[in-house]
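Labels run A, B, C, D and E following the written order; every chain starts at residue 1.
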Amino acid sequence: MTWISKDWAMGGIIKGLIVTLKHVFRVGNRPTVTVQYPYEKMPVHPRFRGLHAIDEDACIGCGICEVNCPNSTITIVKHNTRWYPQVNMGMCLFCGICVDVCPMNAMKMTGNYELADYSRESLIYGPDRLLFKKEVN
Amino acid sequence: MESDELFINMGPVHPSTHGVARFKLRMDGESIKECTPVIGYLHRGTEKIGEMKTYLQFIPYTDRLDYIAAFPNNYAYVKAVEELAGIEVPLRAEYIRVLTMELNRIVNHIVSIGSLLMDLGAATMIMWGFRERENALQLFEMLCGARMTFNYIKPGGVREDIPDGFIPKLNEFIKDMEKRIVDYEQLINGNEIFHMRMKNIGVISGKDAVNYGWTGPTLRGSGVDYDLRKYEPYSIYPDLDFKVCVRKEGDSYARFIVRMDEMKESLHILRQVVDNMPATKLISMAEYGISPMTGTPTAVSTYFPRIFTPPAGEVYSRIEAPKGELGFYVVSDGTTKPYRVKIRSPSFCNLTAIPSLVKGLKIGDLIAAFGTIDVVLGDVDR
Amino acid sequence: MLFLAMWTGDIMFENTYELIVFILNFIGIYDPIYNVFEMFGLEYLLRIIIVLAEIAALFVFILLTVMFLTWMERKVVAMVQARYGPMVTGPRGLLQPVMDGVKLIGKEDIIPAKADRWVFTLAPFLIFIPALLVFIPLPFGESLIISDLNVGLLYIIAISAISPIAILMAGWASNNKYSLMGAIRAVAQDISYTIPLALAAISVVLLTGSLSTVDIVTAQSGTWFGFIPKWFIFLQPLGFILFLIASIAEMGRIPFDFQESESELVAGFFTEYSGMKFAMFFLAEYAHLFSVSAIVVTLFLGGWSVPFLSSIPATFAVLIPIISLAAFVIKTYVIIFFAMWLRDTVPRMRIDQLLNIGWKIMIPLALLNLLATAILLTAGVF
Amino acid sequence: MNSAEELKNLLPGSVISTGLQLNKPMAVVKKEDLVKAAGKAKEIGFDHLSVITGIDYRDHFEVIYNFFSYSKKQNLAIKVNLDHDKPEVDSLTSLWKGADWLERETFDLVGIKFIGHPNLIRILLPDGWNGHPLRKDYDMNTEQFVTIGDNGDDVVSPDGTNLLRRK
Amino acid sequence: MEKGGIRVDPVTIDTTKIKHTKKQPVTALEKLNDTGLISTLLAAREREGMILFSTIDQVFNWARLSSLWPVTSGLACCAIEMMAVAMAHHDIARFGMEIFRASPRQADLMFVAGTVTKRMAPRVKQLYEMMPDPKWVIAVGGCASTGGPYHESYSVLKGVDLIIPVDVYIPGCPPRPEAWIYGVIQLREKIKNQGYGAKWGLNK
């Protein structure tokens, strides 16, 4: 008869019911916390590691990022006349090591996370999609 | 009365195996006669990858072992490397490390308790838990730019100093969390059905638990007063005031309560860390890497070369991760890559005891016991 | 004026058929229609058509209610869990259940290779049709009843008892171990909880001396001392609690959801069902939720009777059926909300604990309640 | 006197040498006497078997057992050297139940046989996997695939024609 | 904090004052459009003209994209973010997707959330085959898309599209819940433009 206990007063369940009811009626700082994504967006913190961005002028195509990438995500390809990294987002760890090691501080990671796509090939981001030009004041 | 046995193959895809664990069950009606866990469905060869990558490159991979609480993984590996190479760490960096790890401990216990309750059929707890977890993840994202896989703790320090506005948000989180824990306790701690499901289920004595190699909250639930943070202190834990949460009963409920208490202790630690943190700002790693000559002694990362070769040697270094003792056995042969990385994961060793723990219980108890052991399959299979 | 006079109590209708005939008569189109049918000697056909129309209306009402209930369930869960629930499809997600239904119609209907085809196909119908049949003797409002059977309550309990057979068929025919276990659990649970359910209902029958649902409701109209409604919940508090618990168990909802018990048995007895057949289980589940709540209201909360209805001026008496329908629906939704609220709060029991409670607590208490009712009735207290 | 030296004093014949594993005491033990040494370690309070590590040094294998004592709060490591041709050592499952899976894992990934283990089968990789991945001579280029067998167990097959829809 | 101001942030945020940036749909028509109805109609008309099949097509496509029930199958790290997507802050229930069915027979959508190891691959394939048509697959994270961080490992399949067809790839390691919802929206777009019986190979 171990299953019989003093618990049969059901005080605990009633307590729980009260807490859930408080949530139903949003009593005492228990608001709806949902952020309705396509309509409203949570802030992306400045340090967020999303899609890469490469400074068109600063990058010298040295390949240090290629060497240091843990996952051989980055390859250096020729774009117009210069060499730039190409990043395979499907393989990227988003670890930020490439940003850390860049000797020219040319590689950055932006707050862009909307990268979903229909094919595996489109996940490879060439320099044409990664380069940006720094505004000179 | 003899009846035919029923063989059930539970998993690897099953809602309550926390991923891809598989149990081969020999059942007599509803009772489990024999339970054979089959693991390895998430075996990703992390140890082999550790041999193929340099010391710095392997840090992101440690994030993905115990993906619910990745900071302790980072730290355990970095600690091993630091011991191997004899690197000094600035005090502020140690404070930041402890801050992140304790925050992560709260997150881990939230997920653990929440998924336990979800397996028992009460989905509300996990929703509330993830509400608070999300706030913590916002803090992580603010700190290091990622939500779950941080790559933040580096040999010699951390990647970047804490940003402006972080500490007020953290204080807000601590204050909020205290209130929420009261809600959690009201929702579940007294619930009679929860007591029926958890008390005297999956009992294991302290002696057996030690014999099975249990560590962490699961061990402390069996009455063994042991916490590496207290008795083999590392980092700044000797300076902090906290108590080790121990329960005598050794059943599922005790393990659950230990986690609940540890969350409160972690909040207590966090408050101390915030109060005592040294004020000197650290220089970020990227900055330091560019101009090593301008570095001050309080740099986040002591100058860390791209090619880093610790002296040959071997080290076993362990810390108290949220799930138990997490150890890295790193062997260096003096080259840029470790010769061997062995990971002693708490989940793997804690899972060993499942067959004897659930023998004679019902399927529902298997789920409850499995939930209280709190394994993460990435950590089990590595 | 005649129409108004009807509602002051001069003419009572036994069921909706008579109500419809009266209304048609009142508008003045019943006689011409009747004459047309009489010409061909098909008077009975008219009766059948009217009854079929009634049933169709009921069916549509139930279907809409069930759809609304799925939406409400999701919204209530969302409210408890601090989120919104369905939002995108339709205003506040109101079209969500329609979309789910249409989608399920368009899904592939899989019959597993090793399943018993006929039983597998038959089971969802066998569970869906009784779920609708239960509504036949349920009074939705004054005169709003398909058929006032003099064994109404017996009929309801008997029809409800078909569903375990259907569940067993579904579980066995699926040729899946989880299905079979879910089915066996569900049957054990249904059988052990039908007994206290019936015993608690018998106490009410003792008070009224009739099995007819209309008689039970009319016995509960009026008040004591002018302010306490004459509901049986006040005469039978224990009976009410027992009946409520047993009916939640009959519905198969948390904390008694052993038919499905998602985290243990994947999806219980309908693990292998897909497409429309699964939708029928889904609909039956919610139809069951509604019908059981309606029975609770009928037996213990005064059904459609509003306590102070008799004091309404005669000029507004035409509103009585509408008011009574509204009262009935509101009361039912209160019970449904309670079931949903409970579901979000408590975890699931274990199957042996459930049976223990059923046989060792509920049935003795129900018998005790019955005995006490009989003694008090003989002593003339009621 | 650290714990390794203590062990050497107790078992002078079995312990070959003592030293430090960075900062933790380590004793190198003859492989025949491993169970004896581990049993003695358990007797003097080292009740927690933390980890078993197998390392392939190309010419020999090393197995390292890390122990911890809850009562004394001390560490101890025991190291055993094994031949490369015959990597066999006695099992510790009779002393620690927790050694069961640790040894299976070491067998699985490094390929060290533990004599006396009740159920020495692969644990992380499926049965029938070719080679032990953490050996230095493991062939990383040959792909191996897994299919589901009759009773739900995994079967290793060299080609994945049933599995893959494209190469 | 950044040198030379090179870091590009699409949103510049004062981290001390974080508020939710609200962008509610302006008009009722816009709101209706978001439910997927109007664009489904337009897409169908563009494709096939206003004939009977296209009407059925529209209704079913709208229903399918509005009620995608995922199967509960988490594999690794991404599974935790999958939980986060379903939880209060992100609440995938807004799209009617919170019904995570444990049984693949009742699901429409499979998130391959995490590393597919060689040992798990036949089971993922089996799970996919157990799902009734029409069905969709979203490969979440690097591991499921290409093998990701573990593509050099001996025991990891290099992309789940080697064994099952994948509709949408979501990169990230693991992707943020918002990225996840963005992937779901991409899938909704795809379903919108499907012809009648496209999944059964009847046309298109």
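By our rule, a contact is a pair of C-beta atoms (placed from the backbone, for glycine too) under 8 Å apart; a residue touches a chain by one contact, two chains touch by 3 or more.
The model shown is predicted, which means the values in this text are computed figures rather than measured ones.
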Inter-chain pair with the most contacting C-beta pairs: A-E
Intercentroid distance (Cα basis), chain C paired with chain A, Å: 49
Centre distance in Å when chain C and chain D are each reduced to the mean of their C-alpha atoms: 63
Chain A and chain E, separation of their C-alpha mean positions in angstrom: 16
Mean-CA-position distance for chain E and chain D (Å): 43
Residue list for chain D, restricted to those that touch at least two other chains: 125-126, 133, 138
Residues of chain A whose C-beta touches two or more other chains: 3, 13, 16, 19-20, 30, 32-34, 36, 42, 45-46, 70, 93-95, 105
Multi-partner residues of chain E (each touching 2 or more other chains): 1, 3, 15, 18, 34, 87-89, 91, 94, 102, 119, 123, 149, 152, 154-155, 173, 176
Each pair of chains that touches, named by its two labels: A-B, A-C, A-E, B-C, B-D, B-E, C-E, D-E
Contact footprint of chain E on chain A as seen in their complex: 32-46, 53, 55, 58, 70-72, 88-95, 105-106, 108, 110-120, 123, 132, 134
Sites on chain B touched by chain E in the complex: 12-15, 19-20, 40-46, 48-49, 52, 60-61, 64, 67-68, 111, 115, 126-128, 130-131, 133-134, 137-138, 142, 147-149, 163-166, 168, 284, 287, 290, 377-378
Chain A-touching residues of chain E, taken from the complex the two chains share: 1, 3-13, 15, 18-25, 34, 88-91, 94, 142, 145-149, 151-152, 159, 161, 166-173, 175-179, 181-183, 185-186, 190
In the complex with chain C, residue positions of chain B that touch it: 6-8, 14-16, 30, 117-124, 127-128, 131, 187-188, 191, 193-194, 196-197, 362-365, 367
Chain C contact footprint on chain E (complex, rising order): 34-36, 59-60, 62-64, 66-67, 87-89, 91, 93-96, 98, 101-103, 105-106, 108, 130, 132-134
